[in-house]
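Below, chain A partners chain B and then partners chain C, in two separate complexes.
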Partner chain A sequence: MMLAALAQRAARLLILLLGVNALLFVALGLSGDPALMLAGEDPTPELLESIRAEYGLDLPAWQRYLVQLGRMAQLDFGVSLYTGQPALFMVLEQLPATLLMAVLSMALTLCTAVPAGAWIGLRPESAARRFGAALTAVAQGIPGFVMALVLIQIFVVRLGWLPSLGYAQPAAWILPSISLGFFLAPKLCRVVSAGVAEAMQQDYIRTARANGASMRFILWREALPAALPATVALVGTQFAFLISGVVLIETLFLWPGIGLLLLHSAQSLDFPVLQALCFVVAVLVFAVNGLADALLRLMDPRLRPATQ
Partner chain B sequence: MSASASLLRIRGLCVDFPRGGRVLHHVSLDAGAGEIVGLVGESGAGKTLAALSILGLAPAPGRISGGRIFIRDQELTQLGEEALRALRGRLAGFVFQDPLTSLNPVRRIGSALVESAMRHSGLTRRKARERAIAALRSVELPRPEVAMRAYPHQFSGGQRQRIMIALALINRPPLLIADEPTTALDAAVQSRILELLKRRASRQTLLMITHDLALAARFCDRLYVMRGGRVVEHGAARELFSKPRHDYTRSLVEALPGRRARASVPNRSRRQEPREVLAALSGLTVRYQGAAQAAVEKVDFSVHANETVCLVGESGSGKTTIARALAGVIKAAPGQLSFPALKDHAPSAAARARHLQLVFQDPYSSLNPRWPVERIVAEPLRAHRLCGRAEQKARVTALLSRVGLDPRQMDRRPSAFSGGQRQRIALARALAINPRLLLADEALSALDIRTQARILALLRDIRKERKLALLLITHDLALAAEVGDRVIVLRRGRIVEQGPASRVMNTPRSKYTRELLAAQARWGADAHSGGMYTSHP
Partner chain C sequence: MTRAVTVANRLLAALKASPQLALGVAALLGWLLLLALSGLLQTHDPQLGDLTQRFAPTGTADHWLGTDNLGRDLWSRVLSGLPWSVGVASVSCILALLLGGILGMCAAQYQGYPRAVINQLVDATLSFPGLVAAILIVAVAGRGFWPLSITLGLLSWPVFARVVYAESLRLLAQDYVTAARVMAVSTPRILLGHLLPGLRPVLAVVLTFHFADMLVAESALSFLGLGAPLGVPTWGALLQESRDFIIVAPWLMVVPATAIALLVVSIHLLGDGLSALDRARR
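Let's turn to the complex of A and B:
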């Protein structure tokens, strides 16, 4: 049972990776000739030829596809066209910084959005709810990078309290995390508040009240546990979206993560690095979704396979 | 009984809603220690609101604007929310109607019980756990230790209601308030839950809220009848049932299926020559994908012109599957379902629809809420291209008048109508293309008793007038006995008994039919009226 489920997941991962790889291959093929980028100013035809031969760019498309597919199977994405380092190594080197920011911003989001959402959800008819709903709607409308620019303007440029760039000192972690958290928090807040508000309408809340439960107990033990599965499902699906936010934020703060790497390698058509990046991101998204599914199953017993 | 001996005393209770005005009008009620008191009335009568108000649980904008409530001489209307909260579950426990939605789906049974016990009785977690297990055992739930770790969805409806009762009783309150505790359950389960309540409540006061007067008359010592937020009559249950004083109570009693039945029995069993067969099932077997058991297995019966056949069974017995097969929603295997009257071995969907029309259980979801009534009723006419625009209005007018609705309201949408009126709309729609067979799938079970009686009378008139055949699907044996020429009893997808209604009721051959009759006789329709079932042991 367990093994079958795992095998099914593995098969899905494989299909996903093949799909991503094929899409990327087509997209990159359309986007330009890397040999031109590598050759620099005024390349001679001979130079281009030699570059193409060196990187296997002179082969027909289907051959190139099969070759890189075979390599991918061995986790070999080739070397970067610019630094000469193995592409996968470059990605993995940058990954911890991105993960750090993801964890920090996620923690920040959870710490603000869940209490705020619960607070709003408990007051379905109040002015506070309408204000909260309006606020989150506005917040959702502001792109993350605008927020980041505003934060930099205030705390770095005007006040000079925080460093704006880099990764070395923890003080520099604050603004990127807030900016990225801002990206996700409003959505999460809405989902939590909707979930709590819906749970509060349910008959079992009446049962709890009839049993003398306090509002605090009802919120923590009855309404939130019922609202959380939807929240986790959202976080799971938003993760891929978060990566695109990461690109913007990392660029603005010169954060040495995979977002920055993605930007650079896309600008310079560094095919191997892009392939490796997409591979890693796909695996990451897949893993997070799997984790979210597992968490969902843990939180909502109705999703578990029947055991009795 | 003197007022001071009573455990629960309500005096002149009024509840107002800021926008809705006064909803409860000077309700007074007494319940003595150990007594079972019934609060009876149709939906919207204010029964539940009155009960919830006892411990300040009236839904949000509602406010107690007058009157006093006492439990054991402690006045509750003076208390604030915190003080009331401390009494909830300890002075009075609640059992609600739907045990599926009344238990939190993401919490284990045990944690709800244990936390409630710890909250009020100040027990340690271990002691609370012991008490929770004892409580589950006392409601006769099998394997209480295992049940503690399970979630609500892992239990059947009846078991969930047992859990609800355990939860309501865990802090040993002197008063148990049960709000329609068996309405969501099947007849046989219903009777077991009622027996459990009666046993468990022997040392307690039980306030039982129900729309089912017959059940209340059987089950309770005294009854309060509510209508429009007022108590219109109260008294000893037997007396009130046999000699209702108030017109409203009388109309409730007269609307009961058992009562209605006697009026219509004599002209039922007339012999008639063989009639045309409108639908014939021969060995119908339906198995849903992935299901271990067939939903319907080897079912044989036929419906003749101008007769009423009742298909009776509990939920899961396959009634609705048969309806679906007849309607063509599920494709029956070749030869298992035929419509001899159509003289066509494979009738088209359109021909089948002209032959057979349906009325569904839920009048709220079976009508498109965005369409005006005219369009809803005319839909079959349009679909079969039976009349033009100009004629449509005239046809709809005639249909609506026939089912007892004001045709001037045909521009309105379903939301403007009550449940009974919606069911009339559904009936008008079904009649629009003059079918010969009308299939009503629990079409009356969502309606309260008097509305049910009126719709039933309407169905009977229309049936006679149009020489329609009616296949009525119901879980209510008393209803089947009243309207059916023939009754077919289903259980787990098989027919366990079929025959003329009077024969099945009076000399049931299968054990299951006898069980159903017994369950209904104990709590059901004939109550103290010396009705049709009392001749059975």
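Let's turn to the complex of A and C:
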């Protein structure tokens, strides 16, 4: 059962990779003659010939596609058209910065949205908490990159408390992480508060309260665990969305991660790097989704197959 | 006539029952009015600068929202960018709705291969970051209204397909559909005549939120310099331009940022109201 689910996921990843690969291959064909792009200004016909021979551009399209597929299967994406470095190496070099920001912002999101959601969900009818819920709804409407611009305006330009650029000093990590956190935190807050509020309506919680269990005990031992699966599921399904946010935030803060690399490679149509990038992103999302799925199965016995 | 009256009555009752929905509808009407009058309300030519009026702050007598580095009126620019963004969001929503609706219904109706293929396609597309794919396509296809709208539509149809599929499965198991099948009603007629009306409430909710998502996607791509062509002052493009002047002219950033946030929040308000209405009906 577990294996079957994994196999299905792997099949999906394969479909996705093939799809993206085909898309990029067609895009490369549409974007003009790559030999002309590589040759620089005023190429001689001999130079163009030699470039075509070197990169295999003189072969028919279907042969080139198959050759490229074969290389991709060996994780060889070719070299960047601009730096000449291996494409996969360039991506992997930028990956730690992206992962650092993703982990920091995820930690920040969990540490703020879960308590806030629990606070709102515990007694959703009180006025203060209803105001909190309305605030979360509004926050959900503000696009993350817009929020980042506002944060830069406040903390960098007006108050001068934080640097906006740079990756070397940890002080510069704060704003990008908070900004990225804004892509997910309001959604998460709403899911947690809905989960806790629903749990509080259940009979077993009413019984516990009637028996004199403290609110703290009920929240920590009953209501929050009940809201946990929905939280994990949200993080899993929204991870792809988070990567979209990474691209925007990295561009804003000139953060040397894969998002910035993606934008630069797309602007300069550096196809080998784009291929490698798509591969890494797809595998990353696949891994996180799989992890969330496994966690869900661990937490929720109903998702596990029936055992004898 | 009587039908129109009934619909109006039901709408009024719904609005009375949910203040949130009423607020959302009111905000929507306000935005529609602004959209319809966007040409008339512009006080200056949005493209024509006045170099004697550079960087006039918000609240200046002749330029109530201020001016940019070329002395162009920000209010007029914000207004003139609105129709473009709304147009992109509308076209991409319609495309996604049509594709996702048709494929979602097909996946529910035709078991076996069609269902497996469509659902795999939906899951695969949804597991890839939309913005990454959009950047790749737009970088090759180029900027402009149609490339952007079609790209966003083609990338986001699975959102509709997934919801339509789940809801269609539920509706197709209902007695009235079985009755229609027994009476040998043709499959297209069942899908369009019996299934589609039942999908309307769910589609209204998804469409509302999706419209907001598409507006945000358009502004994000324009912000990255990959959406609106040069010279079209969409709000994302205005935000991009404002980055060079964050110290001398913060209003250039604050005004479009507030506009985007207000628009998206009012659409969300409508969506929340609609989904509460849908939940109450069940």
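Keep in mind that, in the parts below, the second predicted complex is superposed on the first by the 249 of 308 C-alpha atoms of A that agree within 3 Å, B and C clash if a C-alpha of one lies under 4 Å from a C-alpha of the other, contacts with A are read in each partner's own complex, and residues count from 1 in each chain.
One rule holds for everything that comes next: a contact is a pair of C-beta atoms (placed from the backbone, for glycine too) under 8 Å apart; a residue touches a chain by one contact, two chains touch by 3 or more.
Note that the coordinates shown come from a computational prediction; the quantities given were computed from them, not determined experimentally.
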Return first, second, both or neither, reflecting whether A:Pro96 touches chain B, chain C, both chains, or no partner chain. neither
Which partner does A:Thr207 reach: the first (chain B), the second (chain C), both, or neither? first
What is the contact status of A:Ala27 with respect to chain B (first) and chain C (second): first, second, both, or neither? second
Just checking: does A:Leu269 make contact with chain B only, chain C only, both, or neither of them? Give me first, second, both or neither. second
Compare chain B and chain C by how many residues of chain A each one touches, and report the one with more. C
A:Ala240 in the overlay: touching chain B, chain C, both, or neither? Say first, second, both or neither. second
Is A:Arg302 touching the first partner chain B, the second partner chain C, both, or neither of them? first
Quick check for you: in the superposed arrangement, does A:Arg221 touch first (chain B), second (chain C), both or neither? first
Which partner does A:Pro229 reach: the first (chain B), the second (chain C), both, or neither? first
Chain A positions within both the chain B interface and the chain C interface are none
If we count contacts the way the header does, which residues on chain C are in touch with chain A in the complex? 120-121, 123-133, 135-137, 139-140, 212, 216, 219-220, 223-226, 239, 242-243, 246-247, 250, 253-254, 257, 260-261, 264-265, 267-269, 272
Provide the residue numbers of chain A that touch chain B in the complex, in ascending order. 125, 202-204, 206-214, 217, 221-222, 225-226, 229, 299-302, 306, 308
Any idea which chain A residues touch chain C in the complex? 11-13, 15-16, 19-20, 23-24, 27, 30-31, 137-138, 140-143, 145-146, 149-150, 152-153, 157, 237, 240-241, 243-244, 247-248, 251, 262-263, 266-267, 269, 274, 277-278, 281-282, 285-286, 289
Touch list for chain B against partner chain A, complex: 55, 57, 60, 85-90, 93-94, 96, 98, 101-107, 111, 115-116, 119-120, 150-151, 153-154, 164, 167-168, 171
